[in-house]
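Take a look at the structures listed below.
In what follows, chain A forms one complex with chain B and a second complex with chain C.
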Partner chain A sequence: MEHPILFISVILEALGLPVPHGPVGHTFLEQLCAPYMTYTWLVMAFLYFVAKLTVSDLEMVPGKGQNFWEIVIGGLDNFFADNMGRKLTDEFFPMLATFGLYIAVANLIGLIPGFMSPTASLNTTLALTIIVWLSHHYIGLREHGLSYYKHFMGPMWWLVPLMLPIELISNLARLISLSIRLFGNIMAKETLLGILFMLAGAFFAPLPIMLLGVLVSLVQAMVFVLLSVVYFSQAQDHAH
Partner chain B sequence: MSDFKKEMMFLIGHYGHIGITFVASIFIGMGGGILIDQKVFDGRTAPWFTFIGLAFGIVAGFKSLFEVLWRASKNLEKDNNETDKTDQ
Partner chain C sequence: MVTIDITMVIQIINMVVLMFLLNKVLYQPVKKILKERSEKMLGMQNDVAKFQQNARLRQEEVDAKMSKASGKAKAALDAARAEAQAAGEEKMASIKAEVDEFKENQLADIKQQIGEAETNLKADLDGFANAIASKILGRAL
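So, the complex of A and B:
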């Protein structure tokens, strides 16, 4: 397969910085210059500056930019409040909304030639998933104290030897499934686009996959946030 | 429209996720079994904990499948109750 041309990597190489040729570099500087890191910073900068430029000062009568953000943020807020209650939403809204916006932009950016999706690397998605996984246990422990262990004990006491391993396995499976689903979908999209572009790029072969890619990117961002919200509300609920 | 969107989100979110959860549960169960067999007992109990772990993994996969179904039916009941109330 042909190597994709990533413009940030080209610029960094021209500046004399070491860009790793494999997926991950060996030295610290190489790891910092890996494409998924540099494009993560690009997405972060994009989100920060777009938000800064469009809603630098809030007005009573919203303009175009403020209207857009009010719809996005208001929609997310309503959705979280419906699924996990007002209290948890107020507490965890910044984190979850950031995840949603970051994943959506990071997925979509890979459709533009010269860019790559940071979420097409397992490192990025696993980092996001570990944060969600740890914080849902934190919510559970804070809400129930030490009796949080009842969540893993099943409904009846004589079922405990059977239910404990099952609950532990299915809880650990969240860690794997959440990260690998996002990574797999986005990596598949990127690879498929690359192969189709190499085979028949002159005949617009990647075009239908690009259309599908827009849908997949948005749906995967939504699913990640939805499942995080579901896990949070489950940890908050009482054990069965 | 809003109800339809909610329903659609639930479907895509949960049913799109269940396949990989199932596979991940089985792999974690079997991986744990192999780990106990090889690292804890140095291969003396060789196939047994692997099989037990595999069985637990499969059951955990089915459990997460049923959890999604239970949640779906609970949501359906809640929606029905709400529509009943608005009808009266």
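So, the complex of A and C:
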């Protein structure tokens, strides 16, 4: 379910572009004009310009904007380095930090009337998850070479027939769990807010859910990044 | 919303583009300034440690000089005190010798005067005896 009025869709429609009225577009252009795509680009532009404006003039003694980014980036860097080592952090910091910032902002803008969360679409969350899933296998193969298969063999050779299917399924399930956890939480928030707006928006009925929505948005961003860090770290470690 | 289509691939491209953009405008500059500040702080800490070491060495040097000067002053004071003591004793000895000599002279004078008085008295003894006897008898002898 979407908000009744999404201002980017209204603008695109006014420009004569085909905005899909159902959950999905049928033509390629309709798919590109789907709200989760347009709001993704909005979030991207927002992050880019905010970063550009606040970090344009870096000084040794930081101002307010620089201070905020230093705390965020310094904090994330320390957290990643503590959990998966300095080498992996230096390599994968841009990916993980971007996911954290993008998911947090994308989740939060859905709380503003006229906006929607791009993360309320499975295409968005699955795209993020596929990048993480492929990356953690890349890390595993790079660190261990072909011995990476031992990660799926269990602790003892005679347990292999049991452990191999379990490990394969659990690894593939990461694709589903990571993407659907984020998608489900945010879509539930969007749906609930939409229903409450329609039923009793004039009486501020959605307000408590909006407060919870702030919490859910930040927690889900944190959970996604935390699990990605754990997967990277496990792929880097030796098999039992 | 639960449908998966070509937009998923576009979202992957979007995310890769966003990673590169944010890495360029945000992460690299902020990490660079954090690293520079950390290096500067480390350099300043090294300077502080060096200054503290210098201050400690200076203090030790000053303490050693003070201790040496104090020893010298004590030695000079002891020497001056000993010299004054010796000079005082010498002065006292000379005064004592002078006084003794004066006393000896005075005693000798007194002895001499006593001897003279005895001699005079002895010389006048007969005259005194006659005078006393004349007085007692009431007539000249």
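One rule holds for everything that comes next: the second predicted complex is superposed on the first by the 237 of 240 C-alpha atoms of A that agree within 3 Å, B and C clash if a C-alpha of one lies under 4 Å from a C-alpha of the other, contacts with A are read in each partner's own complex, and residues count from 1 in each chain.
By definition in this document, a contact is a pair of C-beta atoms (placed from the backbone, for glycine too) under 8 Å apart; a residue touches a chain by one contact, two chains touch by 3 or more.
These figures come from a predicted structure and were not determined experimentally.
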**OP:** Pick one for A:Ile166: touches chain B only (first), chain C only (second), both, or neither.
**Re:** first
Original post:
Regarding the shared-chain residue A:Arg174, is it in contact with chain B (first), chain C (second), both, or neither?
Top reply: first
Original post:
Between chain B (first) and chain C (second), which does A:Val19 come into contact with in this model arrangement: first, second, both, or neither?
Top reply: neither
Original post:
Which partner reaches more residues of chain A, chain B or chain C?
Top reply: C
Original post:
Just chain B (first), just chain C (second), both, or neither: which does A:Met222 touch?
Top reply: first
Original post:
Of the two partner chains, chain B (first) and chain C (second), which one does A:Met187 touch, if any: first, second, both, or neither?
Top reply: second
Original post:
Should A:Ser121 be classified as contacting the first partner (chain B), the second (chain C), both, or neither?
Top reply: second
Original post:
How about chain A: which of its residues touch chain C in the complex?
Top reply: 23-24, 28, 31-32, 34, 36-37, 40-41, 44, 47-48, 51-52, 55, 58-60, 62, 66, 69-70, 73-74, 77, 93-95, 97-99, 101-102, 120-124, 126-128, 130-131, 187
Original post:
Any idea which chain A residues touch chain B in the complex?
Top reply: 82, 165-167, 169-170, 172-174, 176-178, 180-181, 184, 219, 222-223, 226-227, 230
**OP:** Within their complex, state which residues of chain B touch chain A.
**Re:** 6, 9, 12-14, 16-17, 20-21, 23-25, 27-29, 32, 56-57, 59-61, 63-64
Subject >> Residue numbers on chain C that touch chain A, as the complex places them >> reply: 1-12, 14-23, 25-27, 29-34, 36-37, 40
